[in-house]
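Next up: the structures, one after another.
Heads up, the next two complexes both have subunit A, just with different partners, subunit B and then subunit C.
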Partner chain A sequence: MSQLCILSVVLVAVGLYGVLLKRNHLKIVLGIELMVVGVAGLVVAVGAEGTSVAEVSQSLGLIAVVGGTSVVCLMIVTAVRLYEKYGTLDIREMRRLKG
Partner chain B sequence: MESTVSVLFVLIAIAGVAALELRQARSSLAAIGVALGLFAVAMFVLGAVEVGIGMIVAAVALLLVLRWAAAHTETNDSVPAFAEGAGLVFALLSLVAFVVVALVVVRGNLPLAVAQLGGEEGGHVGLLREGLVIVTAVAAAWAMLRKKGRKDQ
Partner chain C sequence: MSAVLPVLVIVPLVTALAIALFARGSERVADVLCNVGTVVVVGLVFVIAGPVLGGTTLAWFTGGASPLGVNLGVDALSLLMLLVISIGCLAASVYSVSYMDSYTSKAKYYVLFMLMLAGMNMVVLGADIINMYVGIEVAALACYALVAYGLDKEYLEASFKYQILGTVGTLCLVSGIGLMYAMLGTVSFAEMAGMDAAGVAGIAVPAVLLLSGFGLKAAFVPYHAWLPDAHSSAPSPVSALLSGVFIKVIGLYGLMRLLFLVFAPGSTFSTVLLVLASLSILVGALLALVQTDMKRVLAYCTISQMGYVLLGIAVGTPLALTAALFHLVNHAIFKELFFFGAGSVERQTGSRDISCLGGLNSRMPVTGVTTAIGFFSVTGCPPFGGFWSKLLIIIAAVQAGQTGFAVVAAIGAVITIGYFLRYERGVFFGSLPDALRNVKESPVSMYAPMIALAVACVALGVAFPWFIEHILQPAVQAIMLGA
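What follows is the complex of A and B.
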């Protein structure tokens, strides 16, 4: 269980790397999706025991996956709309979002 | 079985890095598809069938939306790969700090570890947790106050 938890944290860290260090809006959204997958993996890994997983963990994992992916889909649509407005996916060029 | 799932998780992490680093939109899309598919397989192997099925459905929807997004934006990523200057240093420090704290908490070496979060109210764990909440609230208030007055130029 502990090994899977650590690997889930690694997955979250990979996603965080994308969110913190990338400037491309779509890459940032992909990073968030990887974080969602990592969190779902962590929730499931905590409830895993032998060949079965606790039902609570499965439910929470399912909610994390479906909810997280829905939000990511909305973020992708927003990214495309922003691209149409600004002509770039570089988040630093989107100055008018300030304030 | 756990070793099989561990190998799958490592492959997911590699596919994730590939999705973030590849410059072509199609390659990036394929890599994230592989990562999500492997995660679904890992869930099936682990016995979490509901999560696996949910992941497959969510992955299909996400890949369709990503394909649409790739068709309506740039096919090649022309944005510079990394942030620059002080922001880069701050981001790297944040990333390292997150990994260290998360690993320490997951391994159960802190009083704030997952297994001990249900500590008695009024005990040192409860006080630490409440202090953390107050610090977070103050940070949020500061961030909101800082935004006030910064208008579009």
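What follows is the complex of A and C.
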């Protein structure tokens, strides 16, 4: 298993920890961003043979980063708007909807 | 003829651009542009419908061989989805003309709406998983923004929740696709159908990731937490599209495409799918029983009805797949109808709380009658479309030896009658509260799509043998290509 693969899995794990356990909006968004980078790295790592990487894996990794970054931008906008409405970034304070 | 395929994506994109450029000052220009765009898309879909149903598979690509270039293809399954998407979007765009008057900056709404349409078309046109994934990403981005469109506290909260869970789903998909490519060396559906992909060692890992990704997108229990919030928070035409079309296109469609290629009915995966399906049917229906918000009842109903479609897919026999696709179409029609009805009630009365409404049949007769037709279809009254599709799903499950799951489906159908009777009594029957004495019927651009959808509910029920033979059977054959 390549070092990139291990690094990617660690990034995804740290990101997932942030998404699942953090109560602060921006930290959750940071967690998502870490997961995006980790997944992109993972896609490239599994597509690698020796020193070359399959073109498809490279392009998929790029698409994942682009797509992930646009979603993260939208999340930050939403988080700012939520902060304006609630005056806090704590998700425990936002309980107007019940699943 | 194949040259039409990229146009199906380009038309909504160009329309979105045109609305953004030319309709800033005038809402009427935006109304016209959006509706012209959706009508053109419907027209184009009908243009390719003839040859595709005749057995031709259309293909178009540019920029290099699969999967690096843009590869589009249409077979009968894609065509069925294109019909559902384009007709659903046309109904929603006509409905939006009056409904969205109460919101600010209508032009921006239409831009997002057209981007969502472009993304959904891209998903079903993609001839390999990567093109499909790009479409999912575009459609989902537009959808997140549309859910938050009202900019109230709860809308933003719902959108944020949806963004987080949706992105986790997308990331599951990306890693699944990446791993699958590393194992198979291809992501094209046609090439995967030619090899025994399901037999490759270790394919279970990407399969689980893909299942979780599509599950999050299609909101099966236990992946459903975002759906009731998101679908009830969006403006009603968008709720209708989300429940009726969107989750099927970005969730179920991918699952159906990969069903025989990766998930292989008869394996452990189909047992997992069967369990997820019965959980969705029961949990969705039971939670719908206790809701007081009209749109939340409908959202939980969506979870439950998607369970039926998944049950058909999981059973995996030709009859079950036909029934699943038929229920998918029926659900698209009656759920749009319900959300349009709920939107009308909310717009005319200012409330969507079942406990505060009542007796609206006398004040809003068209909304009342069309919603009642939707009610007959969803609860499975003959001869409406919903009756035949639910019956076929249950028959197919029994024939395949899954009697236990057939019983679950039957119990779910009974609970469905329960919560919809409560819905009908609370909103359209019973006594009219004094505060609602002066309520009027919604404008014609809102009830015209409702009448059209109600007619479709009846027509599908009456003409179901024709529909199954000419539209659904070719689509089922397309799914079973890899079997």
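As a convention for this text, the second predicted complex is superposed on the first by the 93 of 99 C-alpha atoms of A that agree within 3 Å, B and C clash if a C-alpha of one lies under 4 Å from a C-alpha of the other, contacts with A are read in each partner's own complex, and residues count from 1 in each chain.
Everything below uses one rule, namely that contacts are C-beta pairs under 8 Å (C-beta built on N, C-alpha and C of every residue); 3 or more make two chains touch, one makes a residue touch a chain.
Predicted model only: the values in this text are computed from it and were never measured.
Trainee: Will subunit C clash with subunit B on subunit A after the two structures are superposed, or do they fit?
Mentor: Taken together on subunit A, subunit C would clash with subunit B, as the superposition shows.
Trainee: After the superposition on A, what does A:Leu26 contact: first (subunit B), second (subunit C), both or neither?
Mentor: First partner only.
Trainee: Once the shared chain is lined up, is A:Ala79 touching subunit B (first), subunit C (second), both, or neither of them?
Mentor: Touch partners of A:Ala79: subunit B and subunit C.
Trainee: Tell me which partner A:Val46 touches in the superposition: subunit B (first), subunit C (second), both or neither.
Mentor: Both partners, subunit B and subunit C.
Trainee: Touching A:Val71 in the superposition: subunit B (first), subunit C (second), both, neither?
Mentor: After superposing on A, A:Val71 lies in contact with subunit C but is clear of subunit B.
Trainee: Would you sort A:Val56 into first (subunit B), second (subunit C), both or neither based on which partner it touches?
Mentor: The answer is second: A:Val56 touches subunit C but not subunit B.
Trainee: Identify which of subunit B and subunit C touches the larger number of residues of subunit A.
Mentor: It is B that touches the greater number of subunit A residues.
Trainee: In the superposed view, which residues of subunit A touch subunit B and also subunit C?
Mentor: 12, 40, 42, 46, 57, 59, 61, 70, 79, 96, 99
Trainee: Can you tell me which positions in subunit A touch subunit B when the two form their complex?
Mentor: 1-18, 20-24, 26-27, 30-31, 33-34, 37, 40-42, 44-46, 48, 51-53, 57-59, 61-62, 65-66, 69-70, 72-73, 76-77, 79-80, 83-84, 88-90, 96, 98-99
Trainee: Residues of subunit B touching subunit A in their complex?
Mentor: Residue positions touching the partner: 1-2, 5-6, 9-10, 12-13, 16-17, 19-20, 25, 28, 32, 35-36, 39, 42-43, 46-51, 54-55, 57-59, 61-62, 65-66, 68-70, 72-74, 77, 79-83, 88, 91-92, 94-95, 98-99, 102-103, 106-107, 114, 147, 150-152.
Trainee: Which of the residues in subunit C end up touching subunit A in this complex?
Mentor: So the residues of subunit C touching subunit A come out as 67-68, 130, 133-134, 137, 140-141, 144-145, 148, 151-154, 156-161, 163-164, 166-168, 170-171, 174-175, 177-179, 181-182, 187, 225, 228-229, 233.
Trainee: Would you pull the subunit A residues touching subunit C in the complex into a rising list?
Mentor: Listed in rising order, the residues of subunit A that touch subunit C are 12, 19, 25, 28, 32, 35-36, 39-40, 42-43, 46-47, 54-57, 59-61, 63-64, 67-68, 70-71, 74-75, 78-79, 81-82, 85-86, 94, 96-97, 99.
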